[in-house]
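Sharing a structure, written as structure tokens. Questions coming.
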Amino acid sequence: MKTIYITRRETFNAAHKLWREEWSEEKNWEVFGKCSNKNWHGHNFSIYVTVKGIPSEETGFVINLKELSLILKKEVVEPLDHKNLNLDVPFLQGILASTENIAIQIWDRIKDPISEAGGELVKIKLVETENNYVEYYGGKEPF
Amino acid sequence: MKTIYITRRETFNAAHKLWREEWSEEKNWEVFGKCSNKNWHGHNFSIYVTVKGIPSEETGFVINLKELSLILKKEVVEPLDHKNLNLDVPFLQGILASTENIAIQIWDRIKDPISEAGGELVKIKLVETENNYVEYYGGKEPF
Amino acid sequence: MKTIYITRRETFNAAHKLWREEWSEEKNWEVFGKCSNKNWHGHNFSIYVTVKGIPSEETGFVINLKELSLILKKEVVEPLDHKNLNLDVPFLQGILASTENIAIQIWDRIKDPISEAGGELVKIKLVETENNYVEYYGGKEPF
Amino acid sequence: MKTIYITRRETFNAAHKLWREEWSEEKNWEVFGKCSNKNWHGHNFSIYVTVKGIPSEETGFVINLKELSLILKKEVVEPLDHKNLNLDVPFLQGILASTENIAIQIWDRIKDPISEAGGELVKIKLVETENNYVEYYGGKEPF
Amino acid sequence: MKTIYITRRETFNAAHKLWREEWSEEKNWEVFGKCSNKNWHGHNFSIYVTVKGIPSEETGFVINLKELSLILKKEVVEPLDHKNLNLDVPFLQGILASTENIAIQIWDRIKDPISEAGGELVKIKLVETENNYVEYYGGKEPF
Amino acid sequence: MKTIYITRRETFNAAHKLWREEWSEEKNWEVFGKCSNKNWHGHNFSIYVTVKGIPSEETGFVINLKELSLILKKEVVEPLDHKNLNLDVPFLQGILASTENIAIQIWDRIKDPISEAGGELVKIKLVETENNYVEYYGGKEPF
């Protein structure tokens, strides 16, 4: 079975801070450092979404990238781009806006739409800066 | 056992289109969108080839990268660079030239030469644009 | 006067060949090498368009990047993306499709629309591969 | 005279919005689009600072990059990194936080320290995203 | 269990050569090619270190990236940056300085400190040039 | 006159140190810092060479990039790649191996061959790391 992994990149530019309301500013600083700046900071995020499948004999596609891109535009880029991740995003309410947690929430949001489009979501890579990123396999541990 | 994965990148610039001869131009457009432009379009492709092995005590190498590069130059770059993937490449004849299918054909072509050079091919990553790429593990599904 | 230069990048993926009809295939090969492949090859092109001006006191903008992007989408990306530069592009008809000549034609096409949007086009950079690009200043020679 | 231009890159991640207090939210949206989101958004900014000079016979340097980097860390990275460009930065108070205006303010801030270190600041390039950046030559217009 | 993989990049610039003392210069050239130049050559190395874990409910972190970065600065960047990998690095003494071998030694050096900081080291990627890199999973073979 | 600037990139990986023989190790450290490590360090250098001219009516070329690349391979890559810039390169003997000085020496070496190939060398950009590079216009000062 000639399983292929296909990946689509989208980008969004957003503000956030790492902050626990129940902690003092000093405690937030101690744990989160400069990421706790109370007036926010921001990033150019890149998200790489990987879908697994066997290429269709008819189209040669695992999934039509136009469809995958439309899902990502609707479920990720529109709600997150040029937004404040702590304040403006319903599906991130009440969640500490670490890159780790954002990746998990995005997974939960796009898994079903991708499935309905005939693909199997297997990995998200969320890049915050050129020096750090997270990867999430839906809880699986390939290594 | 200290297994290392080593990767070599090569590049090729080629034209292709996504097109089924037995379909009308309209049907091709409906399925493949702008990729079906009948006069072709093109890309700068990058291919990353990963070989697995235990570093030799004598050389510190999993595989000599000069040898690996020579195999890739002969089997991938020469036949594909500055070519039309639908028309000019014997080993892609009759195959819908999606990135997925190209990756699979390249795998079949380089697996044995790499094996003869003492390496074990375990992954191909074929990058079409900064926004999309495919990965192929020879049919294996690591995740 | 606080003149700022602002640059917008757009991308397009296209096929082309370097070819003179009045020359034999051998002569074309001799001059243009692998770029003369008669069945075309292709690239992911990036175009960087630079506009000069003094930031508006009201908006802080030299030019609204949304407007600049719309001009480039209409005048460059739509006519060139997923096209054959030799066959499909009215404003490149009869022109040898070297990166140099494409850059000059794009300049002539976008200069006036940018001017009408209140900006002054001063530079185009057209990137063909990671190893080569051309720059055009509308004929000016800053160095 | 063997004049060399040497460039140092630094990065900072910050939140900002494009917003005029005296305008309604609708007017801000009309002019600034998604960049006017009232709860901010953010970017990974890169700044490239170019200094001109003749390499010292003794050191081969136009300017010692350690010194240049220290100036940029003190004058740019410390005040801007992980900050809100509208709220947290004294030297940007009262200034519309467009990339153009930020570049001009940074110039005014680093020109003299670089001069005291024996260099001549001639260019700032401030990159907001992979698709847009501004350049400032202190008001000069090389092209 | 929502396992996340988080990666931190650090860089170091170093000289090395591939060379066996007990071989002649000719034999070294035959096996290692230009990498055997007896007066050394060098690279800008990038190292990507991946740590696996479940994000803390309190901090949203798998591991605090400041801590991870401090470990990498102390154990990798300080001993290797602007050094000769064959001559200057105690933990590489007597080891053929191939990228493969360097990656294995770095793993052995950072595994425990990362563990003490509460993380589980699962992957190192060591990039030597834009055309080649190695990956090491501590001997595991995920594919 | 439709003057175009065309740029070709080549790369070389080399060792060097910043060091004055007549200074003590302490004095070298004081001035050159970690770049003075007596056992060398190294970099992946990229060189961008820009040639100016009017595209030929016959070929559309300012200069044939194959020819330009051959000149750069012969005059820059062969003598510098996988070499020690202080010890192995005749045309750098007796010259402090700062990026500034290397750029000037490369200019003097490639200016005439490019001129004989019908092009006019106008700029060299020599990139040492992602954080620093120098540019040289043959002594001209465009800004």
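Letters A, B, C, D, E and F name the chains as they come in the text, with residue numbers starting at 1 for each one.
Here is the rule we go by: a residue touches a chain if its C-beta (ideal position, glycine included) is under 8 Å from a C-beta of that chain, and two chains touch if they have at least 3 such contacts.
The structure displayed is predicted, hence computed values, not measured ones.
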Partner chains that chain C and chain F have in common: D
When every step has to jump to a touching chain, what is the lowest number of steps that links chain B to chain D? 2
For copies chain A and chain D, work out whether under half or over half of the interface numbers are shared, and give different or same accordingly. same
Report the chain pair from B-C, A-B or A-D that duplicates the C-F interface, where duplication means over half of the contact pairs agree by residue number. A-B
Centre distance in Å when chain B and chain E are each reduced to the mean of their C-alpha atoms: 28
For chain A and chain C, let me know how many angstrom lie between their CA-based centres, rounded off. 34
Between chain C and chain E, what is the separation of their C-alpha centroids in Å? 41
Could you say which residues in chain D touch two or more other chains, in rising order? 130, 137, 140, 142-143
For this structure, give each pair of chains that are touching. A-B, A-D, A-E, B-C, B-E, C-D, C-F, D-F, E-F
So in the complex, the part of chain E that touches chain A is made up of which residues? 1-10, 50, 52, 55, 58-62, 64-66, 122-123, 137, 140, 142-143
What residues on chain F touch chain D, complex-wise? 18, 20, 31-33, 95-101, 103-104, 130-137, 139-143
Complex interface listing, chain D residues touching chain A: 11, 13-16, 34-35, 37, 39-44, 81-84, 87-88, 129-130
